[in-house]
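Next up, some structures in structure tokens.
Here come two complexes built around chain A, the first alongside chain B, the second alongside chain C.
Let's look at the complex of A and B:
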């Protein structure tokens, strides 16, 4: 019973503020899709439109081939984990969690079985009889999560469901969500601010900005081949420079950029064309005279700061008056103030037209 | 340590504000109780005596107490039954702000004026009777005012108290968070289930408060029962007035006052106990 979700040309305005403009995408049955975008870009609004709490001015929502626009929220068979939790303040944790099952008239036996399962999953065992105001923020969030997951709907909508959990629990619950979703084949839309999380669990990542969809790709593509400056900058850190193509031969372009002249493996650039280049910090490799005599794309600068990140040493290097960020190996012996050279492979440079 | 000391001294600052209120409340309560035992007489001797207490518990006293109690309870309950659905309905309708202000008018009409207004409507020659007779539903005008059953007084009380409860209930219902209702709908609850599972239980404590406040207001009422109520039995406040001003017997009047307070306190305690049980 897994369902395809089609969002087709949705416009939503609040007064004269356009919160969603012409939002369209399709999510294949059983896919796990992450919505990623800055605060206020319309992620929650989009989920609320899908769940049926907000009526769009234009466009259609389809579950499979059923148009849902006129179906009230309680008949849509979605379950949403609210950003604000929206727990029932007068009900206990247990009553909150079984609410959806009661409304769906699931048998008492089945109710008990499933509650046990989700309570264990979100680590709430022992808190069954507490009221929401007797819980910590993270515990409340887990109740909200459990309350949504337990109903096993056609479509699951998560609005930053793990934002208040500690790193360890977040990772565990994230895997659990993914497993349940995968084994039941529930089509899922998942909103998060955490781009690492988005890349880690999604089949597809949708990047949004100012009420519009900017890019929809699998995690690898969206990270390595961002289509715009906005996406490159928002997902991970990126060195972005404008550049002008001076030469194009075979599949390699020569681009004059802020970091100097770079050779770029590029699909379609014509001499004279302007574009932006995106280079990920970890794609820059420091070179020492002895290890790379024939290196291409050599850039030289002086190290302003060296920041120890735990798993890497991030260098902020001044190149032609611009700061470039490089992730070097964590035990790399480069002191602040020294001159270094580094290189980047032509196929690691992403060309963006906007 | 320093902080704590400072804080305690800070309570003294409350004295000008709260001190004199507390003083007058305690003083007047004390005088009332003392008077009921024969002290603080305006005329004659002031000495300890139980005679007033022996004389209080007459047939009239119990009839009047029961009348006040019954009217208060019925008013509180009927009002909430009227006001709750009305408050629910008001959440949705367009132009509700205007509507709400109109509904609040009875609150600002003094009880006495309200009584006279209503009395004009339900009087022997009042609008209702005239219309009913003209339409031929009844031969003789009905006695709606000062009727022995006290329906007239009850109607006036309800008219006056529904808006009061509406202010409480409307805000209580309005305060139920939209996302909580959305969450219920999202999990499959229809309108009725949302009302039963979410709105009613969340607003129940406010409804309980609204009931008790109207009960106390009505139980202590003097003006409305005096004008629209039956000649016998009358309200307990009226009996108190009668003893003090008509018979000049302030001591018995004080006894009745003490009994009014005791009844209120007993009822409110009992009610609070029950509502705690319900709320859990």
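Let's look at the complex of A and C:
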């Protein structure tokens, strides 16, 4: 019974503020899609439109081939995990969690079985009889999560469901969510601020900005081939430089950038054209005397800061008055103040037109 | 050294204030409320054959004479029944009228609802007598003066603003997400009302019912104008002893009869609100 979700040309305004502009995308049955974007870009609004709490001014929501615009929220068979948790304050944890099952007239036996399963998953066993105000913020959030997941609806909507959990628990619950979702094949829209989380669990990432969809791609593509400066900058850290193409031959362009002249593998650039280049910090490789004397794209600068990150050593290098960020191997012997050269492969440079 | 001295003195003053302030407030409350009740109690037990007059700090002789008299020879029993009946019915009528109105004003973005919210408070600020005179005429014209219906109508009019105000605030402060969550999980209108709205406004409902009940119990002006002489309540009996045939002892008895149930109601409701609902209403969301 897995369902395709189609969002087609949605506009939503609050007064004269346009919260969503022409939002369109399709999510294949059983896919896990993450909405990623800065605060206030319209993620929650989009979920609320899909769930049916808000009526869009324009556009359609389809579940499979059913147009849902006129279907009230309680008939839509979605389950949403709210950013504000929205737990019923007068109900116990247990009563909160089974609410959706009761509404769906699931048998008492099945209710008990599913509650046990989901309580274990979110690590709440023993708190069944507490009221929400007797729980910590993170525990409340897990109740909200359990209350949505237990329903096993056609479409699951998560609005930053793990924002209040510590890193360890977040990773565990995230894997559990993914497993349940996958085994039941529930089409899922998941909102998060956390770009690492988005890349880790999604089939597809949708980047949003100011009420518009900027890019929809699988995690690898959105990270390696961001289509705009905004996406490159928002997802991971990026070195971004404007550049002018001076030469184009075969599939390689020569681009004059802030970091010097770089050879770039690109599909379509014409001489004279301006574009932006995105280079991920880990794609810059420091050059020492012994390796690659004939390296291409060699850039030289002086190290301003060397920051030990645990899994890498991040260097902030001054190149032609611009700061470039490089992720070097964590045991790299590079002191602050030293001169270094580094290189980047032409196919690791991403060209963006906007 | 000197500086230190000043500091410690300031600290001492603050600590003293911490103790004295509640103590002072408490004594004011006791004097304000306790002393009149104590006097009413003493007066109600004064034996009419040994009048209590100025220099004596306490009555010379106590007896149950006035209590027996009031219950045996006046309409008080019927009036007590009337008062409770009217208060009870008024509370129910207020509840039935206020619930949908408060929902509409608090949850729906209706045009003019801000205006209406002010209008509905007006009965609170009109002087009772002034309103009573005109309303009395109107109700007389409608043929309901001297009837229970008429009295319930005026009691509802004066208590409804309290009930409405409290419920509107309750409805307004309910987070939309909570209602949406219920819909999202499959709840229809009836379930939403029964399992979300009602429990959430329960503290307000209890408070509103308490106000309504007590307001109705204590209402004099309109009750007198609309109800007298056929329908007597505890306050109208009480006022009759404050008029020309002023009888302090008997008035004391009647005021205690009026005070005691209200006081009990207040304490019970207050405890109930605290223990049962406050937690739910104030839980971190």
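One rule holds for everything that comes next: the second predicted complex is superposed on the first by the 354 of 354 C-alpha atoms of A that agree within 3 Å, B and C clash if a C-alpha of one lies under 4 Å from a C-alpha of the other, contacts with A are read in each partner's own complex, and residues count from 1 in each chain.
Please note the rule applied: contacts are C-beta pairs under 8 Å (C-beta built on N, C-alpha and C of every residue); 3 or more make two chains touch, one makes a residue touch a chain.
Remember, predicted model here, so these are calculated numbers, not experimental data.
**Student:** Clash or fit: what happens to chain B and chain C when chain A is overlaid?
**Tutor:** Result for chain B and chain C: clash.
**Student:** Does the superposition put A:133 against chain B (first), chain C (second), both, or neither?
**Tutor:** second
**Student:** Could you let me know whether more residues of chain A are touched by chain B or by chain C?
**Tutor:** C
**Student:** Is A:74 in contact with chain B, with chain C, with both, or with neither (first, second, both, neither)?
**Tutor:** both
**Student:** Find the residues of chain A that appear in the contact set with chain B and again in the contact set with chain C.
**Tutor:** Residues common to the chain A contacts of chain C and of chain B are 48, 51-53, 72-74, 76, 78-80, 82, 84, 86-90, 99-100, 103-104, 147, 151, listed in rising order.
**Student:** With touch defined as at the start, can you tell me which chain C residues reach chain A in the complex?
**Tutor:** 175-178, 180-188, 191, 195-196, 199-200, 202, 277, 279-285
**Student:** Which residues of chain B touch chain A once you look at their complex with the stated criterion?
**Tutor:** Chain B residues touching chain A: 177, 179-180, 182-190, 193, 197-198, 201-202.
**Student:** With touch defined as at the start, can you tell me which chain A residues reach chain B in the complex?
**Tutor:** Checking each residue of chain A against chain B gives 48, 51-53, 72-74, 76-80, 82, 84, 86-90, 99-100, 103-104, 147, 151.
**Student:** Using the touch definition up top, name the residues of chain A that touch chain C in the complex.
**Tutor:** Of all residues in chain A, those touching chain C are 48, 51-53, 72-74, 76, 78-80, 82, 84-91, 99-100, 103-104, 131-134, 137, 140, 147, 151.
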